[in-house]
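Each of the next two complexes has chain A plus one more chain, namely chain B in the first and chain C in the second.
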Partner chain A sequence: MPEVYNWQLGRKMKFPFQEAYPKKQFAFVFNLNRCIACQTCTMACKSTWTFSKGQEFMWWNNVETKPYGGYPQHWDIKLLKMLDESHKKMGRKPIWKSEMEKGTARPYGVYEGLTIFEALPGESTPMGFTPSEVALGYLPGDKEWRFPNIFEDSPYGPLGKRNAFVHSKGTSLPEHEHWFFYLPRLCNHCTYPACLAACPRKAIYKREEDGIVLIDQKRCRGYKKCVEACPYKKPMFRSATRVSEKCIACYPRIEGKDPLSNGKPMETRCMTACVGKIRIQGLVDIDSNGVWKKDPQNPIYFLVHVEKVALPLYPQFGTLPNGYYIPPRWVPRKYLYQMFGPGVDEAIERYTAPSRDLLGLLQLFRTTQKIIFKFEVQKTGEKIYETTINGKKWAMYNDRVIGYDKDGEIVVDTKVLEPIFERKQKDQFGYYKHYNSI
Partner chain B sequence: MFFVRVLWVIKMEIKYDSRLVENVVVEIIRRKEKEGDYELSEYYHRIADQIYDAPKKDREDEFKKLHLSIFMRLGLNEVINEVVGEFPQLSKIDEMVILEANTTEEADLLVSEKGQKRIVIKLPPEGFLSSHLLSRFMRHELMHISDILDEEFGYKKEKFSNSLANEIVIKEKYKLLWDIYVDSRLISCGKETIADKSLRYKEFNKIFQKIPEEYRERVFNSLWNSKKLTHNEILSLSKEPRKLLERSGISSKGILLRGTPCPLCGFPTYNWFENLSEFRDVIAAIKEDFPEWDQDDGACDRCVELYSLQVRGF
Partner chain C sequence: MLRGELMNRKGILAFGVVFLISLTLTFLNIKIANSQGIILEAKYVEHISIDNINDPVWDEAVPVIVPLSAQSRITAPRGGGAIKSLTARALHDGEAIYLKLTWKDDTEDVSFLRQEDFRDSVAVQFPVKLDNGKLPSVCMGQLGAAGNIWHWKADWNEEYLNGFKDIDNVYPNMMVNFYPREEEEIFYPAKSVGNLYSVDKRTTPVENLISTEYGTITPSAEQNVIGKGEWKNGEWTVVMSRSFTTPYESDAQFGVGKRTAISFAAWDGSAGERDGLKSTSTWIDLEISEPLPQKSPLDTIVVFTLFAAIVIFVVFIIIRTVT
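For the complex of A and B:
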């Protein structure tokens, strides 16, 4: 099997295909500290793409409560367990070498454990008519797909203390004893997609122009190997057409072909609908060796590679997912290491006391539907707040923040302090009127 | 839903849920593939390819037919027919529908306005993975159905309680007691079923924790050996576990079952007052209000607290 370079793991790994990279890559960052599980994103996707017969149980975008929730049920725990067993069988340990290096080629150190492509016993033949296994995975049953929001708001508590709140005196960071958080998910349009690798029909392809991974609906013949192999369980089988479907990254919007977009690339439906303003999505430039081209003014590049506040979801699976998450601050670190790898401590530290650039960029989340290709924080604002965070002085400045579209035109121009509008007019009862009230 | 065949012994039609059939067939193909046996898989995809290639056919429908044909090829319907043959009582039934179970297996009898009788059986797809397992599942469910058909058993569809929480608790007990009755009879006449005595005892131990541990085995054994039970009996045993003790010849006097109602306030309690006999004045005060009451009947912590406040003050 060929070897490819996986920068999230800091090493080469086995993958059934040779290295080949798109020019740009669809990628997104979600700030988990802010998601309120309103499911507006979920409904935005459903009402756009999956409202037809046979798609009843299909949620390309979903938001689940961690640690217990999952769609399909227990998708991550099941695979982690399988991976664990493989490690035991092969006498390996899923450890990360702790030294982190600067630069985009090895930001989290080196993962010495097995990926899903390496965890299968023996060599596997990648393709052929008879479906063969290229990745460790499993096929969820109907029941596992049926309850997309199971265990909503169920918190984790210390074992053996059922229904008892242990912190009667309240709790404080860094870790809460009772905790849960919301995890919004969609296809990660992986750089090394397991779905694509597993398809015996070669019906799945990754687009050169934006790295979006699509299933050719004419070629697919319902083998469900993608459903089995995708570690994130994002391809879904549709009984009415007998083929598999998955998130298409709203590609007409990315291409600027949506009627609303006036030819400019737009963020997807689930991104732009986000009520909690937790989401930003964009396109990053990819070098010929697969790592990201240096572009610190690109919001996604900045969050992932400059500030390193946003981390890949289960990088150890090895598909090099292109969705990144700012980890929730209150969750026990061990859980977060398992989910986001070794970058967690640094990410939380930097998010807790954000730099002026980071704070400015966070203000841009959900200010426009256009994809922001470049952002700028003009550090000329006055100091508006001062405090101490983790023993260090920290100050907030009312800086100006600007976002530019693909052609360098300004699409957002705002400030760190959100503008306040005072209602001027009163109604007949003496209450202030809304601007839009009649 | 698919019509399969008319049994020659019995006039009953058997229909299979297409979802169940698909899940069973696909899982069996996958298991065979994992073992390196691709014969069925290749056959499946050969036919499937023809359906994909054919323009404008209703794919879903074509696939339903394909799955059912493989289901029959695997002989799974034969297993079901055989077990049905063991139950001559079913000759009164017009139709049997086999559905996929969401949680646990169940069986039900539906009677239409015109008097048509239909059995609905829900089975988990895992139940079909071996013919051995399947026949045991079917036999167990059909035993329930024959109880339902038996007039002496007196099956009635009814609400067990007005409170949803109670309904769930009683139903759980009812289901287990009936399962015990079903499996014990099957085993005693040498037939295989889904659970043996020790497994049912394990469940009994879990669900009937109200019965003090020292009596549990005796109570269970007397249930397991029951020759005749009726719907009403099973229901009353589910509602009042005290009766389980009584029917096993154990006097329930002085045994305070956890979670049963306090005779004074009527609220279920997990906290029976201990050492009541040491509180003569309190006992006397209670007796004034409840002349029939005896200290062996017990009282909950809260009632005793209330009465001792009355007689002793703060």
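For the complex of A and C:
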């Protein structure tokens, strides 16, 4: 099996195909500190792509409550357990060596454990180990796809007592004793997609222009191998057409073909519908060796590689997912290390006391439907607030933040402080405002 | 009684039993395909139709037992092997070839609709072209020497006989308010691009395919193989047929008096078998015989009498030896 370089793991790993990279890569950052699980993203996707027969259970975008929730049920726990058993069987440990490097080639150190392409099922023969599959995985049944929001708002923590508060003194950062958080998910359009690797038909392909992973609806024969192999369980089998379908990253919008976009690349439906302003999506330039080209003014690059506040979801699976998450600050770190790798502490620290650039960029989340290819924070704003965070002084400045589209035209021009408008007691039409009116 | 004498009697008894079995197999014309040089012979019959799977005309065919084993080429995915063997029969009517395959399977898997469902199916492969006089790779052909594959599927068979099935056949109490723009095919993308799996009116349960290596299997331009299957008492019986010649390069071509090769594969849906997870055979010779001159009924009487005489003689010796 060929070896490919996985920069999220800081090492080469086994993958059924040779290295081949797109010129640009579809990628996104979700700020989990702000998600309220309103499911507007979920419905935006559903009402655009999956409202037909055979797609009833399909939620290409979903939001689940962690740690108990999952769609399909327990998708991550099940695979983590399988991966754990493989480690035990092969006498390996899923540890990270902290050999970070500056730049984009090894930001999180070196993962010494096994990926899903290395912890394979199979048998030992006199000629050596013969794997029976290309990736470690399982096929969820119909029952596991039911109740897409099961365990909504269910926290982890000590059992309560009737008529009594569990926390007489409340609970506080850095780790809450009772905790849950919302995890919005869609296809990660992985750099090393397990779905693509597992398809015996080679019906799945990754586009050169934007790295979007698609299932060829004509070649697919419904073997469900992609469903079995994808660690994130995002390809889904559709009974009405007897083939599998998956998130298409709203590619007509990425191509600028949405009538609204005047030919400019636009973010996907799930991104632009985000009420909580937790999402930003873009395209990053990929070098010929697979790592990201230096582009600190690209919002996604800045969040992932400069500030390092956004981290990949389960990087140890080895597919090099292109969805990144700003981890929730109140969650026990051990859980977050398992989910986002070793970059968690640094990410939370930097997010808690953001730099002027980061704070500026966070204001651009969901200010435009167009993809922001370049952003700029003009550090000329006045100081508006001062405090101490983790024993260090921190100040907020009302800086100007500008976002540019593909052609360098300004699509957003805003400030850190949101402008406030107060409605008069009696408006121009002579109506009185209610006390509860907004 | 002396020990040697006892051994001798046992030996004669064993020989007699083996002799009788082999004689019966020879008389009934059953062959086992893993012995060298076994040929699947397609005999000529005047009239045959796929509509009646249990047509007595199939008694004319010489059954060949084909041993199957798990698909185990070096690269993954590999495995399968739930079905251990199948029985193949072949006939022709001077214009088309007919195949009848039977195999044991305790479960009838005719649905592919739930996430965890897989279908029972069976396939035959013929070489389209030889590679310097040699047969192409039995693993679904090779570049320059393709395999033509006829793949019968239990769910296609079910739909061919009883109409289109969807998820509401599995969950009759499911509730959906309405499907917006249901009549627009674009929202059924596989169907709108002509994927054979998404067809809602099946004209055949058999898919005609071309393959030039594993991973390359593609439906042929013309879906010209007909067939029918039936599951009864833990056994599948499937018949398939196609005219000897077609105008398509990707189809294997047959002719009276010609010899080619055939290989087999079978899948058990309940065991999760699909794609490379299957039971496969090696190549077996397939001969399409010239029509024989009419046999006189006297021939049959003579052969039967001779057979009966030999059986009586052997049984007589066994009885004498034992008593």
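Quick note on the criterion: the second predicted complex is superposed on the first by the 402 of 438 C-alpha atoms of A that agree within 3 Å, B and C clash if a C-alpha of one lies under 4 Å from a C-alpha of the other, contacts with A are read in each partner's own complex, and residues count from 1 in each chain.
Note that a contact is a pair of C-beta atoms (placed from the backbone, for glycine too) under 8 Å apart; a residue touches a chain by one contact, two chains touch by 3 or more.
Since this is a predicted model, take the numbers as computed values, not measurements.
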After the alignment on chain A, I want to confirm one thing: do chain B and chain C clash, or do they fit together? clash
Contacts for A:Asn390 in the overlay, against chain B (first) and chain C (second): which applies, first, second, both or neither? neither
With both complexes overlaid on chain A, does A:Thr241 touch chain B (first), chain C (second), both or neither? both
Looking at A:Gly54, would you say it contacts chain B, chain C, both, or neither? Reply first, second, both or neither. both
Name the contact category of A:Ser154: first (chain B only), second (chain C only), both, or neither. neither
Return first, second, both or neither, reflecting whether A:Gly141 touches chain B, chain C, both chains, or no partner chain. both
So, A:Gln217: does it touch chain B (first), chain C (second), both, or neither? second
In the superposed arrangement, does A:Asn289 touch chain B (first), chain C (second), both or neither? neither
Counting residues of chain A touched by each of chain B and chain C, the higher count belongs to C
Applying the stated clash rule to the superposed structures, which of 26-34, 134-142, 188-196 or 260-268 from chain B runs into chain C? 26-34
For chain A, which residues lie in the overlap of the chain B contacts and the chain C contacts? 54, 130-131, 139, 141-142, 221-224, 239-242
Chain A contact footprint on chain B (complex, rising order): 19, 22-23, 26, 30, 33, 38, 41-42, 45, 48-49, 51-52, 59-60, 63, 100, 102, 125
Quick check on the complex: what are the chain A residues that touch chain B? 54, 130-131, 139, 141-143, 221-224, 239-242
Provide the residue numbers of chain C that touch chain A in the complex, in ascending order. 74, 76-79, 112-116, 166-167, 170, 174, 176, 179-182, 187-195, 197-198, 214-215, 217-218, 272, 274-276
Per the touch rule above, chain A residues touching chain C in the complex are 51-54, 56, 120, 122, 130-134, 139-142, 144-145, 198, 200-202, 217-225, 227, 237-243, 245
